[in-house]
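When the chains are written out, they are named A, B, C, D and E in that same order, and each has its own residue count from 1.
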Amino acid sequence: MIHLWLPLLLVCVLAGAGAYGVIARRNAVLVLIGVELILNAANLLFVTTASVRGDQLRTGYVLTLFLITIAAAEMGVALAVILALFRDRGHIDLSEPGS
Amino acid sequence: MSDSVSLSAQVVILAPFVAAILGLLVARNRPAGALISIAGAAVSLVAGAHVLYAIHHGPFSPEVPTVGPLPLGQLKMPLTLLVDELSAIVVVAVAIVGLAVQLFSQWYLHDDDRYGVFVASVSLFLSAMFLVVLSGDLVLTLIGWEVMGWCSYLLIGHNSRKESANKAATKAFLVTRIADLAFVIGLIILASGVSTTSITAVIDGWPDLPAASLTAAFLCLLIGVAGKSAQFPFHDWLPDAMEGPTPASALIHAATMVAAGTFFLARLFPIFVLSDPARLALAMITAVTMVGAAIIAFGQSDLKRMLAYSTLSQIALMLSALAVAPASVGAGPGVLHLLSHAMFKALLFLAIGWLSVLVAGTAAAKMSGGVRYHPQLRLPIAIGLLALAGVPPLVGFVSKESILGAAYDNVTELGSLSGWIVLVSFGVTVVLTAAYCTRAWLVLTHLSPADEAVRRASLAASRTVVDVSLVEIFTEPAPGTVRDSSGTPGQPAAEVEHDHGHAGIFPGARVSIGALAFLSVVGGLIIFTPLVGVEPHLVWGLAASSLLLILVAWLSVRRMAAMNSSGDAADFLGARRIALFDRGFGVDGIYVAVVSPVVRLARIVVTADRDLIDASVRSTVVATRWAGAASERAHTRKPSDYLVWLLLGLLVVGVSGVTLW
Amino acid sequence: MTTLDILFAAVGLITAASAVLAVTTHHLVHAALWLVVTLGTLAGCYLILGAELVALVQLLIYVGAVVVLVLFALMLTRAPIGSSPEHSASLVQRVAAALIGAGTTALFASVLLPALGGELRTTRAGDTQSIATQLFGSWVWPFELLSLLLLVALIAALAVSRMPTTPTIPTTPMIPTTLTTRTSVDDIPAKTGGESA
Amino acid sequence: MSQAVVSVNAGLLLPVLAPAAGAAIILVTDVVVQHLRRTHYVIALLSLLVGAAATVAGLGLGRVAGEARRTLCLPDGGQCMYVADSVTSTLQLAALLTAALTLLLSWPDDKLESPGGTAVIVSLVLAATAGATAVAGARDLGTWLVALELATLPTVALVALRGARSAISGAVALLTAALVSFGLLALAAGLWYTATGSGFLTPVAALAMVGDPTRRPILVLAVVVAIAGIGFKLSLVPFHAWTPEAYDGAPLPIAAFLAGVSKIAALAALLVMIRAIAPLGAPPLAAIAIVSAVSMTLGNIMALRQNGVIRLLAWSTVAQAGWVVLPLAAVSSSAVHASGAYLLAYVLATLLAFAVIAALVQIRGAARARDLAQYRGLLGDHPILASALALALLSLAGLPPGILGLVAKVAALRPVVDSELWLLAVIAAFNAVLGVAVYLRWLLVVISTSDPAAKVPAPAVPDGVSPVAATVARVHPATLVAVGFTAVALVVTSLSPQTLVGMLGI
Amino acid sequence: MILLFAALAIPAVAGTALILSGRGSRPLSGGNANMLSLVASLATAAFVLAAVIARPVVDQQWLPSLGIRLQFAVDGISAPLLILTAALSVAVVVHAGSRPPHGGSPATFYGCLQLVELGALATFFARDAIIFYVSFEIVLIPMWVLISRYGDSRDLVARADASGRFVLFTVLGSTLMLIGILALVQASGTASLDALAASRGAGLERHTQIIIAALLLVGLSIKIPVFPLHTWLPPAHTIAPTAGSVMLAAVLLKMGTYGVVRLVIAPLPIGFGALAPAFAILGVAGIIWGGLACLVENDLKRLIAYSSVAHMGFVVLGLSSGTTVGLQAALFANIAHGVVSALLFFLVGGLKERWGSADLATARAALREVSPRLGFALIVGFAASLGLPGLVGFWGEFLAMYSAWNPAPDRPLLLMRVLVVVAVLGAGVAAGYSLRVLRLIWSGDRTTPAHTDARGGEWSVLAVLVCSVLVLGVAPGLVLNSTAKDVAAITAEVSR
């Protein structure tokens, strides 16, 4: 038995922290961390819902697994681009205007 | 029978119209132009005579179709002509004057390069005048009314190389047009009441409708009439219109157009009598005009302008007849004076025009003694002036006395204020008319030895350089006008006349003057025919006293003339006063005062159009640019800033979605 | 308050705190490490909610792979070891970020909590077997698409990282970036910006 | 517990499978035989055309409501994860053809040569296309999320692979926006799941929630968060900022891909969700109205200031995205069709513009082809290309002879008017004006006579030889095919818009 | 049916062909383009005439998804406008033959003229509200090209400004109109203009009608143009080449008033009735505003443009009255303004080419002295412009004032009558500016610098227009009888 407000509040906090991290950071990698937090908020929401109201398809769990995988794929491409950025400019500061 | 009347009525209008169009097409060909224009007027005269004859000899349908009724829903617009005694007799009179003028023009403008255009315009004018006279529909009246105004514009500005003529033409048209605006509203009110523009329906229907509306309609119409007939305060354009060639003045500014208002009110007389306030207004307007114009006429240094003022005064007379005639008397006296005035005033203008050609000018100083040198003009001018003064048994006497009779009837039967006003002003006018007629006659017959020497010299000079002067007239800039420039009296405006003194007058022109003179003498008999529905109603006491007044005026003016070496009684007034008279007491200033705010307003409008309305349009462009610049600054091209936007967008979209959806 | 409530509250508090630290700390590497903590404790939360498989995958992929990638990225981009506040945005932007973050939290909380927050629910153990059945049965289509996505991401990452770019700075020595190098790093964009403009 | 395993109809999935398989084949081929170039293109085009052929059966379906082809259905007559009705099929066809056209544009472009060779580029394009077609058919959260990401992630690499500094900038802008937006999409999916308790994006799922009014706000939040997430991909303000950077930095064909296939994928994703909630009888969506109005306005205002044609087109995309979602403010089935119709018209016209620019790049060089001022006198120099460009611009502006654009505008405004969103409609009207200003500004340059002053210093050329013709290269036939195909399509659909609009069904 | 399609297809094909042939290695010469265009225009005119007589009806599926049908037909209201359009299209080509365009390829010039004709004809033929809108838009780009490429060559910035204003204003107007049309179609469930007119707004609530009517009126007012939305007109007229000015003033403006009759008055009687007073006020404001601006305006083309604003004010006044007389007046004034403004713009265009500018302040040879034909045409044109009875300009103005004096029962009587009085003053101002122009350029004694009089094509066009001014002035029934039946069908419900 669990009160749902606990996990849901955590979802909100994670989402908010992620949003903060995305904006408040200049370093591209740190921005990625913010994104991960947002994704994890979504994951927690899925898991919470799934565990209290499981459906036959196990949607919540399956989608969480999907999201984790997608996050990994994203991270790969993102890091490649960030590295390209670094090689090109010598920094990965997102608050520098692009050319 | 009835068909032939209809056809004739249509021909009356169509003949000069066709003549005008054909005349324009052959404008370069002088003989063809002359033939067409004279034929047009002649055909109208014949057709008009036929109508007049037919009316008294058999049944006829008064409603004659024109271009067919217009489909306008609730508004009936039959566009028919109305043929009756009134219109038929006026048609004949107008046709006579028109034909005379066409004949005279052929001589008068025989060396004018725009003769063809001139006579075409005159033809068009005649057509329009016939339309007004024969119109059985308010709209047809309006069409003829305005086309006449436009022709007047064209004819006054005939010599468009002359700045003064252009100005006079513009002024004439503008003044009449502005007055016509009220006329249009008046017509609309009249038509609205009965939902038709048919004049018979209007006359039949209005007695049952509110009198206030009728009064409003007639007050509006009176403004239009006052404009067209050059009554106070719209009168000032007419003297200036003397810039036009004299035949045009004779036709338009003496015999026909200016009298059209009289005819129109006579046409509507059955309902006009129902509106006492309107009649009172008309009486006051005409009283002021007849007296004022007669006074100014006396002081004119230019005889043609004197005739113009005299026209104002006489038109006021006819209108005043309509203002006072009791319903039982009808419009007859006014129409009668219209007819007689048409004859003798046209005669006077043509004769003066003839003389002006012979003496090369219309100024009193130039014409001084003109009749002595050109005795062939003695009789026509004498007849004309006598008729104008109202001396029996000439036509002027008859018509004036009938007006006097109508006024008397009004005073005795109705005792209305307008009757008294007219009666008194009539008396004053009789004296003044006789006075300026006398003055004119004395000037024309006067000749001092000194003048004679000068005249001979100038005539000799003008003959020796005749070819040069002809050329000069067309190539040199016209002498500047005097009337509008700083009030200093210069040469009278109509001074420059074509010098064809060497050319003998054409027989046609001579015949036309003769015919008019004849009619001026015997025209008074018309009152004894059934052609005009006027009972000879002469109040002998009044007639006698008016004759007495004429005599007094004659004698006193002779005395005044004798006191001047020039023989001009007006010189008695002194040069400065004459200048004032020449300026028509400066009524122009009123027009300027009215117009200049409009022009100022127009400047404001143009400024506002640019700096207010269009600026608000342009400001959207500026705003777009500004917004563009602002958002360009916002687009820092920094990814981190974009992320702020993105998440801010999430918040905005999320909050709006959750709260507004 | 149930036992699970207390348990979740404890773990969740750590998760939330470490998440906040991960996005606020001035140490780059600390940020990555706080992320590890967050992800790890989140796996704990999943366990409490009865999702063992998810918790395991979370540990395996997130903590095991993603965070490692992040750390690699930090190293490859020569992240400084010490405190480096310059990696945070300007104060204004941070205030904005705080407002937006708080706003996001509030927005979600205002919707989620009133609707469901009061519910007291039993958690069901996520039976791994049925999850597997569904994953490879019902969800086979997205699963296959996901595999294509992974493949493509791999190739894309490979291609992008092998892409020959013209380095705008001469290869600087592979030493930990210090304050001095930071200033030089700051200089460069200005210079290049001038070139491109 | 039941063995919930779905049935699979591979034929229906062909529009997705074909490009996916094409990508795989190309990658394998590349491993086997290296440095192939043309072969990859041929394989790619073939696979795209096969996919396109497979969509044809679905076009014009739905004249009877609900008529659709389904697969991946749950066994006991339950819901299906893939539904190919007329809207789906049309969007899939558009995506596949658009991808084929962008490949035609990139065919001769040596600049696309990258470390992975042609194979990487082409397979990435195919994969993204597969994502776009998949999302159009998706009816479950899993496919929806994965397919969207599949349609997005390769484009980041495609932009970056040009290697130029501006390309990296564009890729970074695109990447960051894509990552955050995906986070939002994931949250939206979670909220949807929480609200409905179902993993399906279908009216059935949405209606299941109706009984519990407390969950309605959650569903609403799910939708609006999804709009925010998809808004990035559609270039809606304020999620748009990557657009000019990425378009400008990307190779020209990839920019066309972003303007075409990406937008189709995004709208397809949005439509899936809108169609799911449409039966709820929802009132107008204020969130979309706001975003749409702001997008149009900002897009047009910024487009007015651009001096480079690619950036101009990028901002035009932003503005047009506003028009695309405009009808969706009124949540209804007709709005879905209108939105789809507008998107098709926009994609067609934009593709033609890109194709003409690509041709000009080959004739005049990239610098001249990207500079707006250099288009002066184009009508005199290259009448056919200029006419095609004029047609494209006028279609975008929505003025005859680009009647397709005009009809699209009519279609887009209609649901708005039907829902009596007067303010939004008037804003749209003002933006129609701004849009006309944007495109006519370009067109004015095109139809102006070339500046005589600029021609004077041109070197003396022998009589009879046009100075332009003497120096320029020829346009690659593939590009010409692309220009010709889109131009003809635009003309035909302008004369008979039903051919295009009718595909979406009624 | 074939008549209708031919009347639309010929300008479409000819226009496209001309535009395309104006380019490339062997562009079509000006003379050939003129010939081709003349043949096309004459053929179109013949088919239009035949269509007006035969009254064919076309109703075909075009875009079933949006419920748009290709519905074309001719009725009494559109017939005069169609003839006007076809005739003026011939006239501009003939005129351009004697005074060739400059600024670009002549073939493109003629092609654009053909397309403008196509759009105007299609607008007047259209019987489907959406097709009406589409046709409405067809004229924009060709006209924009005409202004921006073939306009006054001296000032490129002014050219871009004028053409831009024209197209942007019009697009704003037509898009607002589109919104109104869509609302109308949605509310009444049909896009057929005939069905809309027949329904007479039945089943539409008052406030719905008002909203829709307001949108439509604002949109159409820009095209008409109604004060204060007129500021695009003077620059467009000033800059446009003669043919452009003529088509703009004589044909394109008419599309606005025609739209008001078809889309607002007929289907939305109550909504229009509610807005009519405001509409009338703006119309009368335009009469005064335009007239006053003419009194001091020194650019002849701008002056005529402002006078157009004033004249269209009378049309608006007539429309606002809501009576048969008013509608008849408005439709007649529409045609009248078409003829008169065409005449004046032909004249002024020719004069501007001769003089090099249209500035009135410059002293020049008096037209009456050096070119009597131009002078004659000018005097007729301005006489008609000031509403001289007996000429074409009179009937519309007079009847409009009559109708406003006796408006439909639901109009505020006092206001309308006050408006008539003000409008009458505007007619007086018209006399003022007309005579001002005549005094400045027609009369006088200067004969230098001399220039050629109108000859050949130019003179024949002017002569025909002068004749039309006279004929329609003398026999207004030619137009009024054509429109009467259909107007009665519209107003029978509006006023009673």
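Heads up, the rule we're going with is that contacts are C-beta pairs under 8 Å (C-beta built on N, C-alpha and C of every residue); 3 or more make two chains touch, one makes a residue touch a chain.
This structure is a prediction, so every number in the text was calculated from the model and none was measured.
S.K.: Need the graph distance between subunit C and subunit D over the touch network, please.
M.R.: Shortest path length, in steps: 1.
S.K.: So which chains are sitting against subunit D and subunit E at once?
M.R.: Of all the chains present, those in contact with both subunit D and subunit E are B.
S.K.: Using CA atom means as chain centres, which chain is nearest the centre of all the protein shown?
M.R.: When every chain is reduced to its C-alpha mean, the one closest to the whole-protein mean is E.
S.K.: Comparing B-E against B-D, which pair counts more contacting C-beta pairs?
M.R.: Here the pair linked by more C-beta pairs in contact is B-E.
S.K.: Could you grab the centroid distance between subunit A and subunit D? Build each centroid from C-alpha atoms only and quote it in angstrom.
M.R.: Here the centre of subunit D sits 26 Å away from the centre of subunit A.
S.K.: Quick one: subunit A and subunit E, Cα centre-to-centre, how many Å?
M.R.: The mean C-alpha positions of subunit A and subunit E differ by 63 Å.
S.K.: In whole angstrom, what separates the CA-based centres of subunit C and subunit E?
M.R.: Once rounded, the distance between the two centres reads 66 Å.
S.K.: Using mean CA coordinates as chain centres, what's the subunit A-subunit C distance in Å?
M.R.: That pair's centroid distance is 5 Å.
S.K.: Of all residues in subunit B, which are in touch with two or more distinct other chains?
M.R.: Residue numbers touching two or more other chains: 637, 639-641, 643-644, 647-648, 650, 654, 658.
S.K.: Pull out every residue in subunit C that's touching 2 or more other chains.
M.R.: 89, 93, 96-97, 100, 103-104, 107-108, 111-112, 116, 130, 134, 138-139, 142-143, 146, 149, 153, 156-158, 160, 163, 165, 168, 192, 196
S.K.: Which positions in subunit D touch two or more other chains at once?
M.R.: 1, 4, 74, 142, 145-146, 149, 153, 156-157, 160, 165, 168-169, 171-173, 176, 180, 184, 187, 191, 194, 217, 220-221, 245
S.K.: Once the touch criterion is applied, which pairs of chains come out as touching?
M.R.: Chains touch in the following pairs: A-B, A-C, A-D, B-C, B-D, B-E, C-D, D-E.
S.K.: Across the complex, what residues on subunit D touch subunit E?
M.R.: Interface residues on subunit D, with respect to subunit E: 337, 341, 379-380, 383, 387, 394, 399-401, 403, 406-407, 409-411, 413-414, 417-418, 420, 422, 425-426, 428-430, 432-433, 436-437, 440, 444, 447-449, 496-498, 501-502, 504, 506.
S.K.: Once bound in the complex, which stretches of subunit B touch subunit D?
M.R.: Per the stated touch rule, the residues are 624, 627-629, 631-632, 635, 637, 639, 641-643, 645-650, 652-654, 656-658, 660-661.
S.K.: Would you mind writing out the residues of subunit A in touch with subunit C in their complex?
M.R.: For subunit A paired with subunit C, touching residues are 1-30, 32-34, 36-37, 40, 43-44, 47-48, 50-54, 56-58, 61-62, 64-66, 68-77, 79-84, 86-93, 95-97, 99.
S.K.: Report the residues of subunit A in contact with subunit B in the complex, numbered from low to high.
M.R.: Touching subunit B from subunit A are residues 19, 22-23, 25-26, 31, 94-98.
S.K.: Which positions of subunit C touch subunit B when the two form their complex?
M.R.: For subunit C paired with subunit B, touching residues are 89, 93, 96-97, 100, 103-104, 107, 110-111.
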